[in-house]
Every structure is written in C-alpha cells, then in structure tokens.
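Which chain is which? They are A, B, C and D, in the order written, and residues in each are numbered from 1.
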C-alpha cells in the first residue's frame, strides 16, 4: 500500500505500457503452438472475440470473424437493431469530422428505440451463415429484451456495460437479478465489465461462463477524465485471475473464463493480457482498422452517445487491411496491428510455451 | 521517507494525475445518489464552489451559480471593487494576446485601489437576487476591509491567499490575528490555502468553518517554477483530512470542512478530490469555459498580477457552453468539462456510493 | 518483486535511459586508459563490434572497421550473399520513403535464396584485406550453411537471432544442436540474443566464446508492440553478468564474454553497457550514421523483412561523418554519435578507471 | 539500493524536477527575510554567483553583477584572455545558427592560446571598478597560470572543471597538487565540480573555502549522452551537504561552503538548491537571458569547444530583461526567469524562514 498522505492509502496499479513479457530459457517452432480456445461446448481457433461495438460488428462482419475461426458478438442495442438499414446513418456519421457535432449526432440517432423484431432478424442473419451466434445487451436492457434474445436463439449471450456489478441498487427501477437471469438462460453468458477481485468474484457466483475484465470502450473511453474512475488493465486482470482461482475452489471446480475487454490495441497487448492470466480477449480497436469495419475507420463505444454525459469519443484509425489480414496476416507493418493471431502464436513460440493455459505462467517484468 | 541523498529525506507526494478511483462490488442507480452539501446553516445542491477569481466571478455570475444550486464567491479585492465598471478593462485585457504585455497590463489595472463603497455595492447586488452572498479578501486586506464586509453583510466570508498560515510573522505590519478576526465575525469563514497537516490544523483552530486546501490559482499558478514550492493536491488533501480527524477529536466534535481549491480542471478531478476526503471543491478552470465567464475565455488568479513577482499567468480556454450546461449538463463532450454535477453523481453511482461523506471512503489506486 | 495484482508478480527492470554512471573520487588522464579487448587469441583496440546488419556491414565496411582497430561482422544471409551485386537493391530501397512499401520491398528481395558460393566469395574478399574475418548466420541457417562457412574459413563465427535458446523445441524441423555445432567448429563462436540469467547460462554451456545480450535490431526492433516481449538492456546485462560469474565457477574458470547487442545508440550507451558489466558491445545505429554505410542512412535488422510478421522497421539517420570519425573522432557534435572510442576512453578517465574490466565495477545510479 | 539485475545494484537519484518545497505552518513578511551570504571575509547581498562562462561573464558584466550585490566570476581561460578584443569573435559566433558549424568555429577560436598579460589586464579592469575580483581556471591551467592570477590579485579564486578530483592520476603530465596549490594561495578558493560524498570530502580536505557541486555547464552540458555520466543535482547536493557535516566534525569546525553549480535554470531551482542544503548557487542560464550577456542570447560552457570530443552545446535563450531586472526585478513573467533574488526572498517568506542557513532545513517532497 502507498500512503498518498496521512489520511488515505492506495494500491499501486499497472497498465500494459508498464509491463513486458520475458522469454524463458526455451524457444519453440511456431508449429508447436496451439492457440485453441475452448469455452463451454465450443472451440475456437484462437482466443480473440470481436467486441459488440457498432463501429466494428455488423451482422456481416460478425459472420466474417466467425468464418475466420474467431467469435464475433453483435451489439443487440446498437444501430443494427434500431434501424432496418443503418448504413445511411453510419455513412453520415463518418462524414462528420467535428467531434462535438459527432457526439450530438450520435446522441440523436441512438435515441431511436431498439426493436425486438430487428434483434430477431439480425441474429437470424448470423445463424444462416452457420457460424456461432453471439449477441450482447447492457444490463438495463436485459429485462426488456432478454427473452427476445433467448427465443431468437444464440450460442453465446453477452451482458456488457461500462461497470456491471452483481449488486445493482435502485429503488425506482427493478434491477436485473443477474443470477436468476443467467440461470434461466440455457446458453453460456459472458458478463462484465468488472475490474476488481471482489466484483469479479460476485459476478462469477452468478453462474456466468466468463467475466469481462475492464470497462469496455478501451481506447475510445474517457471515464477517467469524466468520472475519475480507472483500473489499468494489467492490474485488473491480475486481480480477477485470483478471483478465478478462489471461485474454482469455492465452487468445487467451476472454471470461469477471464476475458480482457478494453484497451487492447496491438497484438503485443493481446499477448500481455494472456501472459497476466486472461483466457481470451475481446478486442475493438484492432478490428476498427479493417477495410470491412462498419465505422469506416471511426471507432466508438456506447459511452460515446450517452444523452447527458458522454464518457467516450469517436477515435479515427487508418484502415490498413482486410479483416483476414488483420486477424491472420500476412502483415506488412511492424506495429502490432496486423496478423494478430500469427503474432500471438509467435509470442508463445519465442518464449517457449505451447498453449494459452501454459502461457499464463510466463514471466513478466515491470519497466521502470 | 525517500532519501534524496545522504543529507536530505523527503516524503513522496501524489497529484490527481497519479491516482484513480476504483469501483466497489456494488453499483447504484443515479437516482440513489444525494450530492447535498451542508455547511453551517446552509445546504447546497452539490459541493461545488465557484472560486473568487475575476475571470469567472462577477456579481452576475455569482448570482447565476447561486440560482443553479451552487455557491459563487466574489473576489472583493478584484476588478469589481476597484472599478465602478470593469467591463472595458476586461474587454481590453481579453484583446491582448502577448503574455508579457498582458501581465504588465494586469499589474497596471490592479494597481487601482479597492474602494469600500464598491464592496458594499457588489455584495448588495448579489443579496438582491436572493442567493447566498459570499465574498473573499486576502489576509492582507482583511484588516482594512473586514469591517466593511461585515457591515455590508455576507452569508460566507472567504479569506484566501496563495499561502495562508495561522502564524504570519512580521515586524513592520501588524499581521492579521486570524483567530480574533474570525471570532468577531458572525458568519462562517472559509480560510486558506494551506497544504499540510500542521498548517491546516492551526487554521482549524482559528475557528474557521472550512479550510481551503491548495494554493489557489491552480491551472493558472506557476509557483513551482518561481518559488520551487508545490504540494500536489492529492497528497495535500490526504494530509488535511487527517488534520480534520485530529481536530474533531481535540475540539470535542467540531467538524471543519475540507475544501479542495486549485487545479481541479475536470469532473474527474472533482470526484478524485472527494474520493480522497474533501467535503467540497472550489473550482475556477471549469467555469472559465462558460459563455458567461467575465474573462471571455481567459482565466487568471491573483498571482498573475503581482507587481514585482508574478507567479501565475493567464490561460486561455475554449468557451464551450452556458454556465448551466457546464454545471448541470447536458454534455456533448467526453472530456470532463461539462455537466460537472451529473458526472459527480454518476461517479458515486458507478462505484456504489450514495452520498459525499460515504464516497470519501471509496478505494483509490496509484497509477505507475 | 512487484505485485501487479493479486495473481501476478513481476520484477522491475531498467533501461539505459534509467541509469547513469557516477564518478569516483579519482580522475585519470586519458593517456592512462587502456581500452584493449581480448577474445580468444585476438586482441582489438577497443571492445566495439559492428553488427551483422546489411544497412551497415558490407564486405567493404567490415574491412574498414577492421583496419580501424575494431571487428566488423558480415551477415552471411543478407543481401551480399543473396545477390552477386546488391547495390541496385540497396539503392532502390533507399529511394522508397513509404514504410509499408519499404517493408513489402524488403519481404520480396529477401525472399531470394542465400547462395553458398556468395558466402565463400564475401568471406574471401574480407580475408584478402588482412583483417580478422567474421560472419553471422541465424540458427535456422546454421545447419545448411555452417559447413560452407567453416570451409571458407572465419576467425569468428556469430550465431545471431532475435531470440536464441540452447533448447529449441520443434517436431517438424531438426533443430540446431548448438553444443555439438559449436564443438565441431574450430573458431570462437558468439551466440545470442538472450536476455536472462538462465537462458544465458545455458548458452554459455554450449561452449560459446561469448553471448550476445539483447534481441538484436535495437533501435529498429518493435518486438514489444508485436509480441509484447521486451527486456530492457540494463537489467538484461546485469542478469547475464551474474550468469558469467556462475558459469566461471561451474566450469572451473572458463570466462565467457558478455556482449551487449541492441539499442546502443550513443557513446554514453556504450559506456553504460560496460559499466553494468559487458565485456564488449555490438553496435548498429551509430555506424548507420557513417557516410560509408551501405544503407545510405537507412537502418534495419532482420526483423524488418519477416515475410508474414515483420517485427522491426527501417529507421532513418542523418549521415554525419566518415566511419573513422564515428569511431575515432574528432567529433563536432555533443550528442554521443561521433568519436565513440574517444568518448569511452574519456568516460573511464573521468571516473578514475584504467581498463574495461575495472570499469565494470563503476557505480551507477537510477534516475527517478 | 535498487537491483538493476542480479549482478548490479544502484542508488536511486533525484533531480530538481522530482522535488518541491513544502510550506511550514508559519509565513513571514518578505521584510523579515535576510538573504545575506557570507564567505570568508566578504558578505554579499544574496547567495548567487555568476558562473565563469564566456556567454555571460565579461569584465563588464562581472562588474555589473558585483555592483548589483552579487559575485561575478570571470573565466580566465576564455575568450577575454585569448583575444585582446573578443567582441568580433562573439559577434561572429552569434551569427552562426548551424550547431555543428558553431561547434567547429568554437573549436577553432578556443585553440588560440591564453595570454598571461590578458589575465592580468582583465582582473585589473574588474578591480578598478571596486567590486570583489574573482577569476577561474581549470585544473589543467592552474600550474601554468596560477601564479599569474595570484600576482594580479583576486578576492576569490575558482578552480573549475567538468569533473575535478583531489586525486588526478597521470603518468605523462605532473598533475596539479590541489592541497599544496590552495595552501600557497592567500585567497579563498572554490573548487569543483564534484557530485558525490567522497569526492566532495576529499576536495574539502584540500583546504578549499567552498566546493562546487555539479559538473558545470548545466543546461548546455550533454555529458550523459556522450559519457553516460550524470548525477542529478538534488541527490548530488544532498550527498555533499553530508560531507560538509562530516568534514566540519573531522576538521574541528571548518565550515566549507557547498555551492550548487550547473543546471539551475529558474528561481525555483535556486530555492530548491538551498532547500536541499546548498549555501549558495552558481548560475549561468538565468543570466544568459540578460540584455547585457556577451553571448547575445547564446549560452555555452567549456564542454562545448573540446577539440575532439565536445560534450556540450550552445543553447539559445530569449533575452528578456536587463541584468538588474533578471537579478532584482521587477518581473513581468511568471516562469522564474526574472527577479531571482525577489523570488528567493519570497520562497523563504512563504515557507516561514528568515535566512539561508535556516531554509536549508525546510521540508521537501518528491513528486511521483
């Protein structure tokens, strides 16, 4: 504990920028590395999930990610379920360069209500393609649309908010009973974001298959400036992996997936997340750079269109390659933005590890 | 203690940039949050005080802040009590872009003496509006103008300087006896700036209702470059809240308000100040961004016009919204400069706290 | 150990930017300083090796460095052994300013196979000049070309990769048995990079005359962004010098040279490397600034042309003087880029040390 | 001690940027502050010495500083003792904007030998004005010109080099025996730079009246890039003040002045130097900003014209006021560059101290 002054103590925390992975005494050929990620009954080629953000996930890109061996999650309260055809909205938004004007435009277009029928239609579009179907809602919308989603059918259900707790207190609205809600669903649920040992442990006790660590939005979020709230990802992950260990013991063997969600910008960040103990990562920024990204180079999270208190902003990225190149390569740039999967495989090979679970034990150092 | 070298030790200190607030395992609906701030017989909607700086507080804006539920303090030794009509001065100053020229212009216009009659007139203007009346003087001017203020009548009196101690030593001028002065006033007094446990404890013993922590001026102050003096706000607050605890005990239950004053630039900073233990905050910079600000986008403190040793400078900010939007929203920018009150409410809700006093116990972390 | 969070600990590590050398109570005249570096049967005027990178080492510049008293190593799998005349390739590459285009161009030209005959021819060119002959291969090419090199004859053989371990695991390709390979060669071998106590100790046990510390490429490498892997040089060296001590004991007296390789940009960095315990340094960047550098001001390592996952990039430096001026002076710039040898001599003199081995004990400090 | 890695430990060190001064519970009127600096038989109005650098000290400016109550030291091996009229040289140098060209020009003009007759003439010019006479030589020139200086007569003699030890080892040149040399002079001697406890203690034992802490040159020096050598001023001073304490005891009461020399750029830095324990400061940069500075806004130290290994460079500063304004005010800029003496006085007053010796005990903090 650090003493900030006589009356307040604080824990030191670390971000990915502070840490680096250290090779062991062994190296491996990349052919020796297995990146497979298994959750519940499904197995994916690699532990990378595309985040439910309108700027990167449309039904089409969710399908594309699935066909490339990963998992794409559609935001079921985004533009695709508010508008029968959101493309004109996305196109107009991409043309607005002034940030305040863009925020106001988003506040306006996201005021359009979510439609149950569109939720069903979008999930159906994905299912037709044959890839695993996954959609997300925020806790506030689960009560209203949860059953719609269940009825439409998904392989994964994601409950995702900027800060999600197992104990939401409200006297005006009946809060979502996460435990009951998850129990009643017959599909695996990923829930978050959370960022501490205790809040993660409580989320694990709801029966979730995985917890999302981080406050979402990542490189587009500005919560620390607006709310003063922040838990750097490296420390948040290190805390939550310990909650996974604790819950494994108290539950007599239920292993809850720890998924880093937010602020993973490069393949190096992805490797660091797993090195600290994550089982998988949920990414936004890297996919916002793909040619196919619906955001047309702009990237934003739900924080960006809060009607009275936006806590995120659109960020612009250069579109550098196809979704396939971004995920599977080949890369022609050494900045960690392309060939995410190849880079992760090489990170394990170069440090002598052969699978994700083993790699969680690799040594890391803190750069001073 | 850190050893700088064999002959000198020093305490490590922390600024708001070093720290962040951490969510608890609970969240709340924003309707569950009560931001009310009670001091003496008065209660305000939220614990935000507008600082007595000419760039933000005129009689008109002090009234406006009061009508919006907060507390505006007029500088009783600023341009409004030196000039019957300071608007031409403010207008001319706003037109000077060269900083040295602006400093020289300020050194000249602030050389005009303060008039007792204008003090009475300005306080009267505010009182007519029906909002609580508050004015400030520096310690050096309390002897001459203290009685004028008392006679004119205020609800709050603020004694504010860049460094104010309970023990000012001087052989040429009779120094202000703070204890006697405060005892003789029949209104609550806020006094500061101070920045350490001991200096705050001594100020508390003068009978003040609150102490101002920080050296004022904040984002416009440059004392560290000129004098080498600085105590980052996070550590200063953490020390002073411990003095509040000590004084509470030694006084048998008198609770002195701790008010963070200086360098609070965003709603995130306001949340951090309270998270460390402040009861309220005194802000300048956020209000300098309001359309109504008398500084017309320029912002400065008293340090900026010292006749021989200026220790602050004018800073320019973009004017982004009305006073109401800055304080109460809605916001259309995610940088913590608008909807200060809504952001503070959300900070408590997101971390599971329901009032200011409780929120002083929230966990904070130190970013490495 | 630092606790990143409850579930992960990490060692703090330091880069050259963190540290500085401290004078002792003595000073010496520069004439009292002896920089001679002895390895195996050879003695060089100073402990500076030119790295086997195409941007700085051609047969001509390797000869030039040798004639100036140092050791130049030719990359035996670079452009000089892929093309009978690589000058047109180098010239065309220098003309490409777009980085992605340059990466793609390099991926293409380095796809041309290495030719055994050209290896022989290049080594012969160097040998004709009378200077010591040194060439390098990556571990993957040692099996195919090792015997060619041995037959052609070298005074030093360098096995250099971005991460080289004594235990490479592969089921598809027969990995290089370093111990056997080195045993069979009748010339001293330098092998690396490595960056930790244990990996260095294992490399020392292969019979190498020296280990390269660092992951090569240095200022052109971007492995931390792509793979998340990094060990800052100061800490890596401090660990490996301890492995040298351990191996000295376990081998009953075999002293393995520790050679800092990567990220040494100035004469100050060279001095720091030795101050921490290196016996010699392998440099790239400083020589890329010489008029004679084949890269024509551009500098890159093998990481830059990986066909699917480049982990380095071309960096441009101003060409500031002849190879002789860069190494031996005189200097007309105070940035540590010229008169590397004179600067190292002065560093020892100013701190009171007379030779490289002694200087390894000089005090260093960590800048906060 | 910090472990850089298994084989090397290092002390953490601090620069002025890391630290700040903290107010005590008392404040004082500025009229209560006495800045007088007494050394040997002389007393100055304030503890600020103008450094012997050609860019700031000519005979004329040395006289001007003396008349303003301070002490100016003339460099007796600079342009004024190499040329009967150096003004054309200074003028031409000021016109060269390319740094490499300027370095080469300086290497050439400083190759002109120092003349004994000019040393006598310059000292005589200063003496005629009635102010204290002080001149400096580097250790290497003391043997040749020491007696010239003694014969010409000075009130202070300064032996100043970038790193000066009491034990210079050389077999080719008879090194200066500092103890004997100082003993034979009948004027107080200031000697340095040094930067550690032990080297300072040895210098104190030579009989010097004061030691210069730091490696001179300050903001113009680049030794860390060229040599890797650096000791940040705050830690260097804190170590040397402890040597002062040790020597005070071992000598039975001889108090050797500790003078911070190098890198003091603002009045805040001057206050910090004394707060850590310095008795006085030697400054260059602040005076380079004066209209009268011979460097015409350019500033450089002796490191800048080393014939083969320059370790410093010319730096350009805006000329902002007269020497009198820079030293005594008034100031019209809040950056700590004007009214150095007024700022130092205010620093003591604001923190409750009344003289330099007391102020050495003020609390300092380390900013994280």
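Rule of thumb we're sticking to: contacts are C-beta pairs under 8 Å (C-beta built on N, C-alpha and C of every residue); 3 or more make two chains touch, one makes a residue touch a chain.
All values reported here derive from a predicted model rather than from experimental measurement.
The two copies, subunit A and subunit C, are related by a rotation of 90°, based on C-alpha atoms and rounded to the nearest 5. Residues touching across the subunit B and subunit D pair largely diverge in numbering: under half of the numbers involved belong to both copies. Summarising the inter-chain layout, the chain whose CA centre lies farthest from the centre of subunit D is A. With each centre defined as the average position of its C-alpha atoms, the distance from subunit B to subunit D rounds to 40 Å. Per-chain CA centroids place subunit A at a distance of 57 Å from subunit D. Among all residues of subunit A, those that touch two or more other chains are 12-14, 235, 366. Contacts between chains close into a ring here, every chain touching precisely two others.
Pairs of chains that satisfy the touch definition comprise A-B, A-C, B-D, C-D.
The touching residues of subunit C, counted against subunit D in their complex, run 12-14, 19-29, 31-32, 197, 234-243, 245, 266-272, 275-277, 329-336, 339, 342-343, 346-347, 350-352, 363-368.
Interface residues of subunit A, counted against subunit B in their complex, comprise 2-8, 10-15, 18, 99-100, 103-104, 107, 162-173, 175, 194-196, 198-199, 201-202, 222-232, 235, 303-304, 307-313, 366.
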